[in-house]
Structure formats: C-alpha cells, structure tokens
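Order of writing sets the chain letters: A, B and C. Residues in each chain are counted from 1.
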Amino acid sequence: MERIGLSTGWRIVCGAWMAGVIAAAFIGVGPAAGFREPEAARILFFHVPVAWLAVLGFLGATFHAVRYLRRRNPAADIRAVASAEMGFLFCVLATLSGALFARVQWGAAWNWDPRQTSIVALLLVYAAYFTLRSAVAEPERRAALSAVYAIVATLPMLFLVFILPRVVESLHPADTVRSGGMSPDYRVVFFAALGAFTLLYLWIYRLRVAVGELERVACRHSMK
Amino acid sequence: MRSPDGGPEVPAEVFLAVRDLAKSFGRLGLFRGVSFELSPGEALVVTGRNGSGKSTLVRILCGLLRPTRGSIEYRVGERLVPGRDVKRLVGLVSPDLVLYEELTLLENLRFFARVRGLRRSDRELQTLLTQVGLESEGARRAGTLSTGMRQRLRFAHALLHEPPVLLLDEPTANLDDAGVAMARACMARQRSRGILVVATNNREELELGDQILRLGG
Amino acid sequence: MAEAGAVFLKDLQQELRNRYALNAMALFAITTLVVVGFAVGSQALPASVVAALLWVVLLFTAVASLSRVFLREEETGTALALRLAVEPEHVYLGKLLFNVVLLGAMALVVAPLFLAVMQARVGNPGLLALVLLLGCIGLAAASTIVAAIIARAAARGALFGGLAFPLLLPVLIAATGGTTRALEGAPLGAAWAELRLLLSFGVVMITASLLLFEHVWNE
C-alpha cells in the first residue's frame, strides 16, 4: 500500500527534526536579553514560523485559485482548499501563540496592536472563505466562486499583514529576523524551527490533498 | 443581415452542429449522446417528459450552460463562433425569462436594444410590439401584464436583434388563439431565414420540425 | 461603455421607481445617527473617535444596501435576460457605477448630518470631501464584487456582511485616518499616505473585479 502524505523516511526526519527544535528551543539556547521576560522570547521559534505559514497557506490558496480559473481543473480546487485549511490551522496557532506572548510580555492577551489585528483579520478572511464554500452546493460553482473570493481578498490581506503593521506604530517586536537583531545561536534554532514547521505543513497538506483526490474519485464512481 | 446604421453585424448564415452532448449536475445525469446538425431554414423539435432536460438543453444551446461532455459548434461560414459570442446569435423564449417589472414595455425594449449595441428607434420598437400583438401596451409597466401578454413580450424581446437562431421553450404556453397564431407566424418567419429550435410537449408543434429529438429515453 | 451606462441607468430607473434600497439606507442611516447621538450625548469626542464612528455608519449603510444590485436580478429572475444580452464587463461596470453613486449620495447626506450631531469641527473640508469620495469608491468596489459572488450562492443576504468585512478593513483604516486628519484641519499632504492607499485600493479592486467578474457571472 503506498503511503500518502510523506514517505516513511521523511516522516522520521520530520519527527526527529521537530523534536530537536523543541529541545534546542528550551535547552540549547539561553534566554534573550532585550525582552521583558527573557525566557518568553523562546516563543519566537514557534510563533513566527507558524505565522509565516499562515500567510503562505493563503497565498497557496490564491495560487491554486488562479490555476483553477484558468483551466477549470478540479485538482487545483482541491489544492486551494487544502492550502486554505492549512493556512487557517496555522493562523489559529499564530493568534493563540501571539496572545500568549502578549500576556507574558505586556500583561494583556489582547492590545489591538496592528499585528494582532491583522492576524485576526486573516482569520476572518479564512472564515469567510469557508463560509462561502459551505453555501454553494454545486462543486464547479463552489470552486469558481471561492477562487474569485480568494483572489479578490489577496490585496486586502497583503495590506493588513505586511503594510499596516509598518505604517501604524506597534508594540510588536520589529523585524528581528531580517534586521539581524538575533544572536547567532538563536538564528540557527529559528531557521531550524522554520524548516521543521514547513515540513510539518507539507506533510499535513499532502495528506489533505490525497483525501480530497480520493473523495473526487469516489464521487465519480458513484455516478457511473 | 442588419445593419448599416452602426449596430453590430448579425451574420446571415449560421450553422449549428451538436455532437455527443451530455449534461449532468453533480451526480444527477440528465441526458447523453445528443447529436444533431442544423442549417439555415431548418427546424428541430425537442420533446420529452418533464424533467428530461429539454430546458437544460436549450440553455446549453444559448451558450449559458457548459455541457458535461460533447461539443456545440456554431459556424458562420467557415468560422467557428467563440463561446462568448454565441449569445449574440441567439434569441430565447422561455418561461424562466423575466423582464424588468418596474420598467414599461418600451423602456424594457429600449434597454435591451441599447445593451446589445443596437440602434432601434422608438418607431421600430413599436413595430415590434405590434408584431406580437402588444401595440397599445407600450407604456404599461411590465409588471402589470397578464401571463399571456408576458409571453408575447418574450417574443418581442427575443426578436429584437433578429437572431439567426431562435430557441423556443414551451412557446405557446399561456397564449390564447390569437397568441398561438402570432407564435406560429414567428416560427414560420424564423424558418425562412435561420434556425429554429422548439422544445415542447405540444403534439401540434411536433409537426413543425424537420428533425425531432426525444429526450429521456 | 455605452452599454455599461445603459445598465447603470436601468438600475437607477428601477431604484427611483420602487426605492427599496434608498428607503432601507435612509432608515438605517437615520436610526444609527439617532442611536449614536443619544449614546454620545453632549460629550466632546476626539477627532479620531468621530472619524471612526462616521465610517462605521457608512460601512453599515453599505452592507445594508449594496448587495441589492445583484440579488435583485437573481431573485426576480431578470438575470437570465441580462446574461443573454450584455457582456459581463458591462454588467459589472454599470452595477459598480450604480453602487458608487448610491453610496456617494448617502454619504453626502449622512456625513454632514453626522458631523452636526457630533458637533464636530471640520478643519479641512476639502480633504474630508476627498477622503469621503475615495473611501466610498473603495467600499463600493469591494462590495460590488462580493455582492456578485453571494448572488450566486445559497444563503445570499446573510453572507454579504461576513464576506465583505475583511475586504473592507483596509478602506476603513485608511479612511478613518484620513478623516481624522481632515477634522483636525491638517493639510492635504498630511493625509497623503491614506489617500494614496485609498486610491490604489480602489484601482486594484476594480481592475481585479473586472478581470474576475465573468467567472462569477457566467454559469
């Protein structure tokens, strides 16, 4: 029986890698200076990759949406939903981990900080996308309408996630990743964490796509 | 055909070829294996029990619905008409066709002429209304018409752009004797200059067709 | 383009004859004004709060009425005739224009009324007018394509607010910022970022909608 998702080798790699990242995050590196609660900085190994993947999920959904509209290829629609579901899952994780950090660092779980608001707005876009899909019965129309919505929502989403936090003042720690404000050992663990979460994302994504493809085949068989 | 006055050209000779057409909605299969060809001057009658897909086939012929399988080709001479231009060639009379209730008959016709890029003077529109027996109703709001008059209005609307292909779905429904005569006259006129497709269960109309297509097995 | 104009005029004619949207909007706007006025009382509010409330009122007004252009066509069954006669781009442009005019007309009445009720001082009326114009275009642009989408779905009206709101958030943020500057009396240049954002949002949203509309409109 062929394995869906990832092959056994990659599964082991993913598991080991993630375990390694978790260990390194808590034991391998020391607490960070410059944070009110230096220990709390460790969350960036989990929060930031997860947030990036939340955005990636959306961009993936948009990419497959464009593909669907060009050729009306049902496989593209399956991948669009799968990306959206992944993005949504990671978006929830990002919101929760962000709130956790906010609680520890600034005393309140929610501050209407632009970054926090934008991640919630992204959550709303996802919710709207799924609500729309659930409201359309016919598969082709469902795919087309949700594809259009995903594409149309891209501009507002990009604005909210990337532009808004830069324009409005934010409590949120600034681009520590790009501006190089991280110590070398933190950087290593961070990129390792990014890799681990991306691998995890891909694994679940591929599982989801496989399920979608099986559903489609089952549907067609029952029609004959 | 028309029109040197600036409206878009409506081609004279349109040929229709349908091959192995099938339509299903999700798991519900409606029909399959439908094939026929029509040249100008020919008429096809589509018949079948309720729910056999007559109206759906008409919609597909309008270019509004995509078939699940098979092909529809409209040709002008050698040239294949692209999907998005099919609606310009086609006139439709169907019970689902509703015009704007708040607008008068003339306003409705004026609107549809304008959006199709046609130049039609009010006199020409009035002539069209006369042709379908609504000559004195031009200033009435479409919402106030009786069902029979609505059906006549549908004919006026379908003939507005003198389509080379006329698709009629239950054309004589709700019509009195005079209305039926009007409809028959329209059908005869259409046969003399283009293609006619009639979807009906009316036995008398079965005789109008050169070809008969029975749906639903 | 003349065809889009014909669609716009047709919708206008329909609206003037039965006034559903106008009545709904007017009722909504007045009720909201009264509620807000009552809640605020005679307090002097900072410009940013007045600006935010104004745009909340306009947002709700938009959501209450801008979906009609497409919902009505589907519900009354006239969409079939429209699909047969008009190219999709013309349908979209005509409906967009109608929504812009409808919302703009409402804003023209609601905004001064609202500011009077709030007893707010308007420092730079020219800037305020510009922000209102661009903001309404942005709201209408996003609302129109969403209206087109939900008209083809089942739950229709209930979906509109939920789908439109995330898309409208950038417009609200920029418009509120720009309005605040206008109320405070800042010069045009101070609101440049917001104006630029509103303009580009409108342009991108309309362009994207034009390209995508036929996928929504056609079966």
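Keep this in mind: a contact is a pair of C-beta atoms (placed from the backbone, for glycine too) under 8 Å apart; a residue touches a chain by one contact, two chains touch by 3 or more.
Everything quoted here is computed from the prediction, not taken from an experiment.
Averaging Cα atoms per chain gives one point for each, and the point farthest from that of subunit B is the centre of A.
The most central chain, judged by C-alpha centres against the centre of all protein C-alpha atoms, is C.
In this assembly, the C-alpha centroid of subunit A lies 32 Å from the C-alpha centroid of subunit C.
Centroids built from CA atoms put subunit B at 51 Å from subunit A.
With each centre defined as the average position of its C-alpha atoms, the distance from subunit B to subunit C rounds to 38 Å.
Residue positions of subunit C touching 2 or more other chains: 219. Multi-chain contact residues, meaning those touching two or more other chains, occur in subunit A at positions 137. Annotation for subunit B: no residues touch 2 or more other chains. Across the complex, subunit B meets subunit C through its residues 59, 62, 64-66, 84, 87, 90, 92, 94, 96-103, 107, 111-112, 114-117, 157. Considering their complex, residues 137-139, 219, 222-223 of subunit A touch subunit B. Listing the residues of subunit C that touch subunit A in their complex gives 142, 145-146, 149-150, 152-155, 159, 162-163, 165-170, 173, 193, 197, 201, 204-205, 208-209, 212, 215-216, 219. Listed in rising order, the residues of subunit C touching subunit B in the complex are 2-3, 6-7, 10, 13-14, 17-18, 76-78, 80-81, 83-87, 90, 218-219. Of all residues in subunit B, only 24-27, 29 touch subunit A in the complex they form.
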